[in-house]
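Written below as structure tokens is the structure these notes are about.
Chain nomenclature is as follows: A, B and C, assigned in order of appearance, with residue numbering initiated at 1 for each chain independently.
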Amino acid sequence: MTHAHKQLSKKDIEYLAKLLKITLTGNEISKLQLQLNDILTYVEKLNEIPTDAIQGTTHTVTFDTVLGADDPKDAQCLKDLTGLRVTAGKNAYFSVSKMLKS
Amino acid sequence: MKLHHLSIAQLRAMLTEKQISKGEVFDYFKKRIQKLNPTLNAILTETNESVETADVTSPLYGIPFSMKDTYLTKGIRTTAGSRLLKDYIPQYDATAYAKLKNSGAMLIGKTNCDAWGHGSSTENSDFGPVKNPWNTDYVAGGSSGGSAASVISGMSMFDIGEDTGGSIRLPSSFCSTVGLKVSYGLTSRYGCIAYASSLDTVGPIGKSVEDVAIILEVISGNDPLDATTIRKKTPQYSRSLRDERKGLVIGLPKEYFKNSLTPSVAKRIEETIQLYKKLGVTFKEVSLSLTDYAIAVYYLLATSETSSNLARYDSIRFGGDRSEFGEEAKRRMMLGTFTLSAGYYDAYYIKATKVRSLIKQEFDTVFKEVDMLLAPTSPTPAFKLGEKVNDPLQMYLSDIFTIPTNIAGIPALSVPCGLSEDTKLPIGFQLLGPALSEELLLQTAFRYENAIGGFLKFDKEIE
Amino acid sequence: MTTYTPIIGLETHVELATKTKMFCRCPAEYFNAPPNTAVCPVCLGLPGAMPIANAQAIEWTIFLGIAFNCTITMRSFFERKHYFYPDLPKGYQISQYQSPLCENGSVTLPVSKVTIPIRRIHLEEDTGKLLHGNNENTSLIDFNRSGVPLVEVVTEPAISDSRIAAEYLQTLQKYVQYLNISDADMENGSMRCEPNISLKSSSDKGLPGYKVEVKNINSFRFVRKAIDFELERQAGILRKGEIPAQETRRYMESTGSTAAMRQKEEAHDYRYMPEPDIPPVVIGEEQLQALIKRVKNTELPHTRLKTLTDLHIKQEDALLLMDDKKLGDYLLGLVQLCTEVEKKNGFIQKLVNYLVNKKISHTLSKHEFYAKATALSKPVETDMASLKNYIASAIENNKGAVSDYKSGSINAINAVVGSVMKESKGSFQAKIVLDELKKALR
């Protein structure tokens, strides 16, 4: 990392909360700020390891490409939506309040 | 007769010989749940005896088991330890659950855990923490705390936990069960509520090594519904259990034996080493210099993946509102989202994936010199309830010996090695091996178990 | 005087006509299915569900890349694109960002002959559909469409006007139809286009510092209108010395204009993360060569155009027949039935005329069509004996008109011609009747 050691501001916390669609109280924001900055300070130690020449990996197991054949007989379609929040009646829809969309 | 002290093989023999019926077995464990669970809080949802589908020759016929409440069980409430899912009834079965049903095993309950797998003590469960059966002032470990507590206290014969950073092994060492973190991809994650998809593993918790081997045979193997599962055929783990590798060399990674080890833990581990030496095993000191960096890698990658995996909980199709996420979930999601966010992705996420590669390479290099590694599962035995809740970073550091194996995708088996002298709380050691070396790890643990005449049986009365 | 140059890029989504969805095997054909009946844990985003990528979708995407001369990425992977929206059940869309399946290609347009550079072609999944609810405050969601494979084709911002944009879209549509990977219909949503439009001032050194994306366009005609409207609107702002806002606008069919979208611009931090549940897609050299071969052996729009042009039919007919693959297939089938002589004497153009003008229906079998066409194009044999009878009869019955004609009233003959036509119920060609009648009255 070539930038200066990052510490989160309250604005940063609010931005992250917005991206996550979670609401935080003022207290929570302060608390999180302290705790997350502690952790960010801790993870700075990764800078002690030179990695410019290293290829990062999302997995440490080598996989073969695994693809599914385009065959509907392998479908796991749900015949029954019991337990899910669908409208009653012949046509089962999920619904959302328009205000939630934005 | 204390059925809960029997091994799977012994109980199956009784069932096969019709000394007892499936229903009687199920009732016995039900009664234990009624007696112990109000105190221990290990089981969140009890289930009824299922309709008979498998025949008496099936490998786990009639054996009552529990599953961490992160496994989807159709028609049976599944919460992931979170109040956001407190009323969620799944529409399908996790593959591991389906396999166990097909093998004749009977689900008796869903076990308590830290919400979403986030934790090392179950103090992050929205349904109250699990008490350690050995001393109810102490934690059972996490995140699969309910799993280990249920098995050792005899509320179920075995459990399927989930290990992302130590969540099967830590509770196993705190509660004195055998817990296996499998090689990544050995068992199917389909239907397991995801914490960190590149780290999560589905594995057994049992009272003996042989029990764990039997369960592993049932749940391991390729699943066409999980593209990260192994393609090769998996071995019959219970068959090869009694094989003994000649000239076994076990490495002792010096970074796991530093001064931070509690003396009581150091003592039990030393006794374990001595015992193996008597069995003809050679030990060699090795170094895993990147051990201290694994936690930093974990807390960037696991939190990134969990912030992503928890995005589907938007209360539209099922479940509660996002405001029902607890403190720990919020904390991890925020850290994860930061790691992935524009401008920081390279410095944090990519950096962590690079160190991940190095950690894997380091294990690969060490495994050229030794067959496996031995280390404590945890620097300490169980800690007291409430002791670490206010310091998240301290809590994260409890996973210091377990996290590296998840980062590297390799297997590790936690084995009980006695109680601490002072507090009489269980201590565990772990055997770490190269990818897909479960057979060898199980064989080696089996030798230890035989040499000590079997693990401690749990007999305490719980108030 | 500053001049403005349009800088237009097109981003098009094509829904692949695979049998199953992109990351699960639910049926992809959602058009008439009752809501939420083609759904499973994966495409509903239920806890614990995991994706399995559709091999056919990947193959078809590579076909398109090959047809557009792209470099095929031999090791690509999927990524999660995070944002919240009710039609996106996982809270992220599985897409590709760093490693699109195909990159850096081009396509040459048949009419304008302009070559459009293609920046990238990648695969992703479609979202569910939002519908109006019973009351003003609710939206309904149907997840049947969630997970259907979408190919995203992105051009470089190298399109200079709306006519070229429309031609590019039509060409893309044809390629996709010829490869038989999608019906690419803009009206039913299996092809969706979003132009990115900006204007470069002659005084600008680099590319413009803004771009406007337009959504909600569902025909080629509207693409042209939307682009033309935007270019005008943006020029107006630039002339005032201001810079148009970088935004997404919505095309309004009723007014032919675009409007700013009411929603606040969301922070576009998608936090792309490699998809951990799907192993990388690795294509071997042999595999790639086999796919290239298959594309070579598939008829594509430009090869079809050449085949048609080589028949020496009118260019406009060739383009029309290229455009409608089924009709073109039909014509080529008819050509197979032609003799060598017919192939050279202009009979093929006649076939084209009958087909295009619908004088003979293409619902007939090719043999029937050919037979009818042959009959129609033969010079008609007149039954002279029969004609002579009718003429004799008409002369008898129209003595007055005959007398007028013989007296010098030239047009009087028409009445007699008319009489022959009427009595014979039009079995003779009028011109032949006239000629014979004239002979008879000499």
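One rule holds in what follows: a contact is a pair of C-beta atoms (placed from the backbone, for glycine too) under 8 Å apart; a residue touches a chain by one contact, two chains touch by 3 or more.
What you see is a predicted model, and the numbers here were worked out from it, not measured in a lab.
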Could you see whether A-C or B-C has the larger number of C-beta contact pairs? A-C
Any idea which chain sits dead centre by C-alpha averages? A
Computed distance of Cα centres, chain B from chain A, in Å: 24
Approximately how many whole Å separate the CA-defined centres of chain A and chain C? 39
For chain B paired with chain C, centre-to-centre distance based on mean C-alpha positions, whole Å: 56
Among chain C residues, those touching two or more other chains are 41, 44, 52-53, 82, 84, 86, 141, 269, 271, 276, 278-279
Residue ranges of chain A touching at least 2 other chains are 19, 21, 58-59, 63-64, 66, 68, 74, 76, 78, 81, 84, 94-96
Which residues belonging to chain B are in contact with no fewer than two other chains? 88, 90-92, 198, 224-225, 227-228, 314, 316-318, 337, 341
Partner chain C, residues of chain A touching it in the complex: 15, 18-19, 21, 58-59, 63-78, 81, 84, 86-87, 90-102
For the chain B and chain A complex, residues of the former touching the latter: 75, 88-92, 183-185, 198, 224-225, 227-228, 231, 290, 292-293, 295-297, 299-300, 307, 314, 316-318, 322-323, 325, 327, 330-331, 333-335, 337-338, 341, 344, 347-348, 350-358, 360, 392-393, 396, 407-409, 435
Residue set of chain C touching chain B in the complex reads 41, 44-53, 80, 82, 84, 86, 89-92, 141, 269, 271-273, 276-279
Please give the residue numbers of chain C that touch chain A in the complex, ascending. 18-20, 24-27, 34-42, 44, 52-58, 82, 84-86, 131, 133, 136-143, 263-264, 267, 269, 271, 274, 276, 278-282
Chain C touches which residues of chain B in the complex? 70-72, 78, 80, 85, 88, 90-92, 94, 189-194, 197-198, 224-228, 304-305, 308, 310-314, 316-318, 337, 340-342, 345, 349
